[in-house]
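Note that the chains take the letters A, B and C in the order they are written out, and that residue 1 is the start of every chain.
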Amino acid sequence: MESVTPMLEFKKTCISYTKQTMAVKYVSAAIEKNTITAIMGPSGCGKSTLLRAVNLMHNLYPNIRVDGEILLNGENILAMEPIDVRRRVGMVFQRPAPFPTMSIYDNVLSGFALNGIKLSKAEKDAIVEHRLRSVSLWDEVKDVLNKKGTFLSGGQQQRLCIARALAMKPDVLLMDEPTSALDPIATKHIEELLLELQKEVTILIVTHNMGQAKRISSKSMFMYLGELVEYGDTEKLFTNPVDERTKAYLTGKMG
Amino acid sequence: MSDKLYKIILFVAALVMPVVCGGVFYALVTDAYEAFDYFGFLNFLTSSEWSYTEGNEQYGALSFITGTLMTTLLALIFCIPLSLPVALFVGEYFKGTKIASVLSTITDLLAGIPSIIYGLWGFYTLRPIMISLNISPQGSGVLTASLVLAIMIVPYAASLSAEFIKMVPTDLKESAYSLGATHAEVIRKVVFPVAGSGIFSSYILAIGRALGETMTVTMLIGNTNNIPNSITSTGNSMASIIANQFGEADGLRLSSLIAIGLILFLITALINMIGKVMIKRARIV
Amino acid sequence: MNNLKIKKRLVQDKFMCWGVCLLATLTAIPLFAILGKVLLSGYDQLSWSFFTEPTPTAYKAMKAIEAGEPIPGGIANGIIGTMIMLGMAVVVAVPLGILCGAFLAENSKTRFAQFVSYLTDLLQGTPSVIIGIITYVWVVVPMKGYSAIAGSVALCIMMLPLIVRSTEETLKILPASLKEAGLALGGNKARVMMKVQLPSAFGGIFTGVLLAISRVIGETAPLMFTALGCSFVRFAVDKPISAVPLLIWEFFNDPNLQELIWGASLFLLLFVLLLNLLSKYIAKKWNQ
């Protein structure tokens, strides 16, 4: 059953900031459940734009137009209510951004608070512990849950943001270069975490770092100038790319 | 000109501030001394008598302190539901657009209108409305003065609050959206908490402006030397009693008026200092 | 159930957006109400003689009202008085304010500069009626009389902090390379300030001066105890003198002269608003 309908599918998705130029051109790709898919490409290739469209972030900015279809479990999200879509699709941004006025505890639960969902104290405690454990942050912060999230290190903050996104039980987790602001050790931590997390959520990650894509993803996309140049098994894309442009990028002859 | 002479000239020019401020404080204290000495400092603050019958002069500041606090507090209450939407309009909903700059130009112009013209407008437009609504028989009083005062301080509160609302990082707002929040929820649960201390301090500074506002209040508060017993009754503020009586006063009454001036000066200085310190803190965070 | 909640939240969201827009637009109403009131009541009073003739006496005005004629005279004494006092205040406050602002910009880290900076805020926040009291004590009492000089001292004290702040802020945002380039070319600090920094900051400082003028030109309270007022055109600086806001206050208090309020207010209001718009325009041009 599950293999019939992909978790997420782009169908001729086009995104434009101005009338003349398209940032993303006719991207079509199907993404399977419980996989990690990496999106690579030189800066300005439209990879972040494509990723953000899955969370309807473009709705916040009136100039951006999205055409084509983006299907989540077979439903076109472009025709759905943004707040409904965003609850089913989580997002983690480049720079860790825990809410500075909330404690670590409240940060994990912020999705519920923002959506006006009331929980009992026991439910809250359970969710906080479960999520912090699943991002392996629990042991580090269990005694300082009432401290502000901004006191944590960059890597810890980013894991807190992942926990915050996971707390809403999203079907898909989008990650926009989540480790580019972190040091190598924190990056390694997060990569291990993602490999663990793909059991419960489908991950789509934009990355600059080819090594990272190779280490964690099972599928990879390569985008260039808004086009999806190549999409397939990471293994194959790295060892035996079909397109010249992919080859050039992987050998460092491009961006 | 040598570097040394240049430095000296700049230094001397900068000395003008301590000299003026020191002079203000010194002159207020020395000329208020007579009144404080005669009535006693605490007594002067807590007495609401104001009578200049010769031989039995009685002056106290309480009525006017109450009048000032009442008008300022009411003005603040009326100001919030107007200035906060303006700040959100300019700093969040229409941030950086043409329509936002039109609205901020309008509020800037509102800030530029001389207070005597606000007073005239209040007297000839708002006061008749208050009378026809049966709010108070003469139409003037604390409430009328506060309403106009509120309009006068909207621009200050709004432009500063908007600055802090604009500074809320996009990352945070997008994070909240990505968790499924609506715009209203992002504003209530992310923008307000993050910009809160800045918004709060802009209201403190707006209070600082309202405290010393003279002509508008003088023209609208009704000028009676008593503690206003309700928000629709008449009274006098510290600034308005000075404006009303300074020209004709001498001796003990003049000194009492200057004493009221000193109290007003100290209160505004304190409020402004608190506001500035809070703003600096809010900017760092 | 789930669907209903989303609908409710979306309605709340719309409600908030419209509420904000509605209340924000409401704020524009007072500006237009005041402009409208002053314009409609005042436009027919403006005439050539309104600007060239001094205020009539209450008796003359009463006679004219009884005869059903328009009140003779105008606000020439106020305009001249405002110009004289403002002129004297500007001549002192602008250079002094610029130098003080330059001091703050050059020495921003020292204790003394921080103290001066704090006092500038203090003075800027001081109610104008208190500036009036002070000038009365400092100038009117020693000179044994109200005078244009006293009025201009009050205006000068009020303008100073505004000019200091705008100079300091404009100088601070100039690129450091500008000053360094000047110094590297062998200019000393004074020359670099005069020939490079101040000219580059001219737009910001000029805007600040215009705003300072527009702020004090409508001030009434401090002039009541310093310039006092005068019913004829006068150029002597050691005698009581009138000013446009003072005249408005007089007209407000004198039932016979009330007809003149709106013409004088219209003149003052338009002048202040134009100065404001002009300074905004210059600031915008200069920033480009």
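Heads up, the rule we're going with is that a contact is a pair of C-beta atoms (placed from the backbone, for glycine too) under 8 Å apart; a residue touches a chain by one contact, two chains touch by 3 or more.
What you are looking at is a predicted structure, and each value in this text was computed from that prediction instead of being measured.
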Smallest count of steps, each to a touching chain, taking chain B to chain C: 1
Chains linked by the largest number of contacting C-beta pairs: B-C
Centre distance in Å when chain B and chain C are each reduced to the mean of their C-alpha atoms: 17
Centre-of-Cα separation between chain C and chain A, whole angstrom: 55
Chain A-chain B separation of Cα centroids, rounded to whole Å: 49
Touching two or more other chains - residue numbers and ranges from chain A: 83-84, 115-116
Multi-partner residues of chain B (each touching 2 or more other chains): 182, 185
Junction residues of chain C - those touching two or more other chains: 9-10
Complex contact set, residues of chain A against chain C: 81, 83-84, 115-116
Chain C partner contacts - residues on chain B that touch it in the complex: 1-3, 5-7, 9-11, 13-14, 16-18, 20-21, 23-24, 27-28, 31, 81-83, 85-86, 88-90, 93, 103, 105-110, 112-121, 123-125, 151, 154, 158, 182-185, 187, 208-209, 211-215, 218-219, 239, 242-243, 246-247, 257-258, 261, 264-265, 268-269, 272-273, 276
Chain B contact footprint on chain C (complex, rising order): 9-10, 12-13, 15-17, 19-28, 30-31, 33-34, 37-38, 41, 96, 99-100, 102-104, 106-107, 112-113, 115-116, 118-123, 125-134, 136-138, 157, 160, 164, 188-191, 193, 214-215, 217-221, 224-225, 228, 245, 248-249, 252, 261, 265, 268-269, 272-273, 275-277, 280
Residues on chain B engaged by chain A in the complex (per definition of touch): 169, 171-172, 174-182, 185-186, 189-190, 193-194, 196, 285
Chain A-touching residues of chain C, taken from the complex the two chains share: 5-6, 9-10
